[in-house]
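Labels A, B, C and D are assigned to the chains in the order they are written; within every chain, residues are numbered from 1.
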């Protein structure tokens, strides 16, 4: 930590700060400049917080040196981790197929926003499988902005998902909303999804850290890169090492999109963490016509996987129809993605 | 709803849309302009969503007319609701004192960010009481950005809070993080707090709707006004009518503060909803030296109550010390607030 | 400056950086930590930039210690500067009255968004004078988002403003859009306004630094506090010392307002600079019904002056009618502001 | 325009609004709903503004139907315009080469942030030419955040640029800061650049509309899509039809980048306008290591051209070194871009 003092701060204040830092385990190096005094505190930044040190009298600014996360950091593992989903991992899952995320091949996880019914799900599962999707995603528990909107089919939806997996061989990914549901959802799903609104639902993060099912953790819509990796750290410290990250758009002043798709976070995350980083251009834009171009951009800048909303009839979709591709549009896009992936040294 | 069609949309598309709207219960009025066709769909906007109607072929834009919330709206009740906290409400609470929020008198809810220990809490409770606070707030369950930070004392903290209430007569407000803890926290607290990161934790909102303890619902750090009132609506539809709103700062590009304190939301909310609206200048700025000025501003623009962090020794606070007033600073501020409240026709 | 090196940076890189810092006039102090090396470079931060030092090989992060502005800083003058407008300053102005900004008394600068005609201006000038305004503001040159909108009366508007000053004794403030117009506008106006879209129009800032007419510099709608004070520094370094700052709302994700009124910048600026800080609640919210509450909040948190849009008939205003008070609303507000000012130790 | 009235608005108010709309040339269609009255005003939205209509008594909300720009709109021309730069256009330019922007081939405009000296410029011009750049860009007039920073070589820099063009055959693009300099810069440059801070410098936009040199108009860092196209409209209405757009990052809460690169604006703009749309990944991220990935993403999502900062020795660059590629990095990137362009049906 670097502590910068206010002009005119006293020797007593400096001394007090030095003592306080020593108590915390730091080795303070004090530098008396012409206008200001600075203490460089050598040691492990994670024993305290920037905010705490800012309360020391005389201190104007505190500048951390180390990232506050450990298990998620690249210092732990310099290469991108490759995680299997759906296969015999720490827990054996009943899926026929398994996929790897983080390797050369880019998986495409597709499906409708929500599980709307048995028939509808089987239809879309078969269709996305044929178009080349490598996993199926749909929500059984739905977080909805309004209490008057469709809230999902709950366990019934999970059963349909499991059936769709049996029929198609696609591993299934579905959202979990609350700690109490983690065991239930983990019983059915090959991968748990934590949605953007729950990225800092710390009890849910902890609960997901206690199972061995991989977790797809979406970025919060106003989360900094550091907050995001600390959220992942919650899961990792619980003992669950398979965390997948996913950019899904942030909230800014822009109005022609539902969210601003902050794609530079993908190469930026890959500099900081070994965890695979996916992209969700459906939520990332919120506008169907922008999805194909932004899926290509996601792959071009290094995404390790794609999450995309597909529905046989987007107009009839109960949720998020305005950002959902039809099966035909999806099949067309899948063909267009292959050369882009190859152009950047990846495969599909 | 108003549906605006793309230039060149066909008669067939218009007819299809009219049919679809009729099925949803709307009465469509179609207007053929020179460049575009518009359908004004008369009826209850809440039976569908803007996003759903945008998926109708040919539709370029959908403009809702009605607010999507009902129970929170001013149409339900034109005057600000006055809620009692701590007194015999729908559930009888063991507090000696009760306070009213939403009336002429502005309550000040003060306390440390977290319950750090029995002795510390009793000390600060007594001190804020003497300085004029009308309720005590401190966290027993703490949502923390990093898993390596202090996470709160849990039920032990709740017991200390109850003891502090006994000693001071101040009603107590404390945060609840997850649906499973709602009954436990409601057993102790006079008012449940839902924090900014949980504003769209819909399962928690539902759980808080099922008890009769008042709920202080903080605004999400990137929530729109509409999302905020819909979050309140989740609690209200469950049957719990005592919801208090609270502006606590939003996330923007500004860096000299921890959050941008968007005070205009206070008069704006009061135009839309009958629920009382409080202000939290401690989180709203995140900077101790800015808290006094912004507390005055909060009262001047119509806040129905103030939430403020106070600690006997902010430097020793385990959490949020950098935005916390000392007891002495708080006592001084309380004296300064009185004339401001009177200047805008309120009392303290 | 503090330079933080990447883990694994070499001795050669460290040595190279030390040499480079010495060449720039810094005295480098190198600290070898367990995980990282840090150089604290003692000297004047302003001889280089954070961005420049970040290009030194091996450097991960650069942390400046000093503020990059000087003449605007509180280190130059610890108390708020009091500037006269309209009286015999460095240049003698023909105004009958002069006002002081930065002192105990809070001036209210009112008027229509744009000068629409001679008759209309005389009417509103007289009306705001009677209601208690201390200066008149209206735009002769108007920056408009669309080329199809009313663009102002130009010099004709300046003449009407001068006539209104003669008739009412109110000093006049009006916007200047481009360096070439500064001499013309300065011939008429008691104070030049630089609008939010021109806050970083550096040629205009320089041109305003070369005259002796006071300058009201509005904050850019996405300017940081530091960028704002550096913009003021452009004017100050030219030799014009009378710069007034003004918060007028920033651009965020919020949609119930035209801008988010970031009032905490007022006390924050007053900690950093001696320049007076005004507030513009009309643009700060963009919504007429929110203006009264937010004007009170502005005064409560320490604004040194108020800028407010008033029109005899807002519905007929050619520009910004939706945020403009009627004369009657303004007169009512002026009465309500007095006790708020007194409650915080100011006068009106 | 659609006008939505407040609940309880009177017949008199409705009638007054109808009259007002007729006076403006609209044909009002009034719809009495259960809760609210709505007027659909058929006619040309551009004769008035949303803001003006919001001042009509009783009106709660105004919803525009038409885009407020015309010449920039896709309704004028459905295909992307292809503009020549550097060749004999409306004005004959002395460049040996000309390039086309908006066609299948994607031009790469490269160069240092600022012209630092004759020797340095000749060196980098030759180097980027060899690496495959199709135009040279460097600033002679520099907009700098601080008055204490290097401000550019002015006309001397323009002369060096012209010489570099002679030597390399690359057309030159350089920034103009103020209306008075437009004729001078247009005398030398093949394309004028308007920077992000000047996107709403309306006098500069007008001045650039009065010459026939193409204009590269960068998006303002907090500009909406509509404001951006209206800024282009200023130039177009002046008679200069060759306007190039360019996404260069927006200001959001993100801190790991200097700007958030909002790439979805590229396909979104291409749905609204026929003007070519470029991307500037150097400013778009502000971080050198992120530039290669984001350049690929720009091409993948449909950019019509790339603007990129290259310097022989970024560490010695007087401006923006932290986001500048070395010549070697640039040459490597150029090779990697070709397959990405081909994968999306373009060429380089």
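Here, a residue touches a chain if its C-beta (ideal position, glycine included) is under 8 Å from a C-beta of that chain, and two chains touch if they have at least 3 such contacts.
Source: prediction; values computed, not measured.
S.K.: What shortest step count links subunit A and subunit C in the network of chain contacts?
M.R.: When the steps are counted carefully, the minimum from subunit A to subunit C is 1.
S.K.: Return the chain whose centre of C-alpha atoms lies at maximal distance from the corresponding centre of subunit B.
M.R.: Relative to subunit B, the chain with the farthest C-alpha centre is D.
S.K.: Measure off the straight-line distance from the CA centroid of subunit C to the CA centroid of subunit D, and report it in whole Å.
M.R.: So the centroids are 27 Å from each other.
S.K.: What is the distance, in whole Å, between the centres of subunit B and subunit D, each centre taken as the mean of its C-alpha atoms?
M.R.: Centre separation, subunit B to subunit D: 40 Å.
S.K.: So, what's the distance in Å between the C-alpha centres of subunit C and subunit B?
M.R.: Averaging C-alpha atoms per chain gives centres 32 Å apart.
S.K.: On subunit D, where are the residues touching two or more other chains?
M.R.: As it turns out, subunit D has residues touching two or more other chains at 222, 251-253, 255.
S.K.: In their complex, what parts of subunit B are in touch with subunit A?
M.R.: Counting only subunit B, the residues touching subunit A are 46, 49, 51-52, 54-57, 68-69, 143-149, 177-180, 197-198, 200-204, 221-222, 227, 230, 233-234, 237, 251, 314-315, 317-318, 320-322, 324.
S.K.: Give every residue of subunit A touching subunit C within the complex, in rising order.
M.R.: Residue positions touching the partner: 2, 4, 7, 29, 31, 33-36, 38, 40, 42-44, 61, 63, 65-66, 75, 251-253, 255.
S.K.: If you look only at subunit B, which of its residues touch subunit C in the complex?
M.R.: So the residues of subunit B touching subunit C come out as 222, 224-225, 250, 252-257, 260-268, 271, 284-285, 287, 289-290, 293-294, 296-302, 336, 339-340, 342-344.
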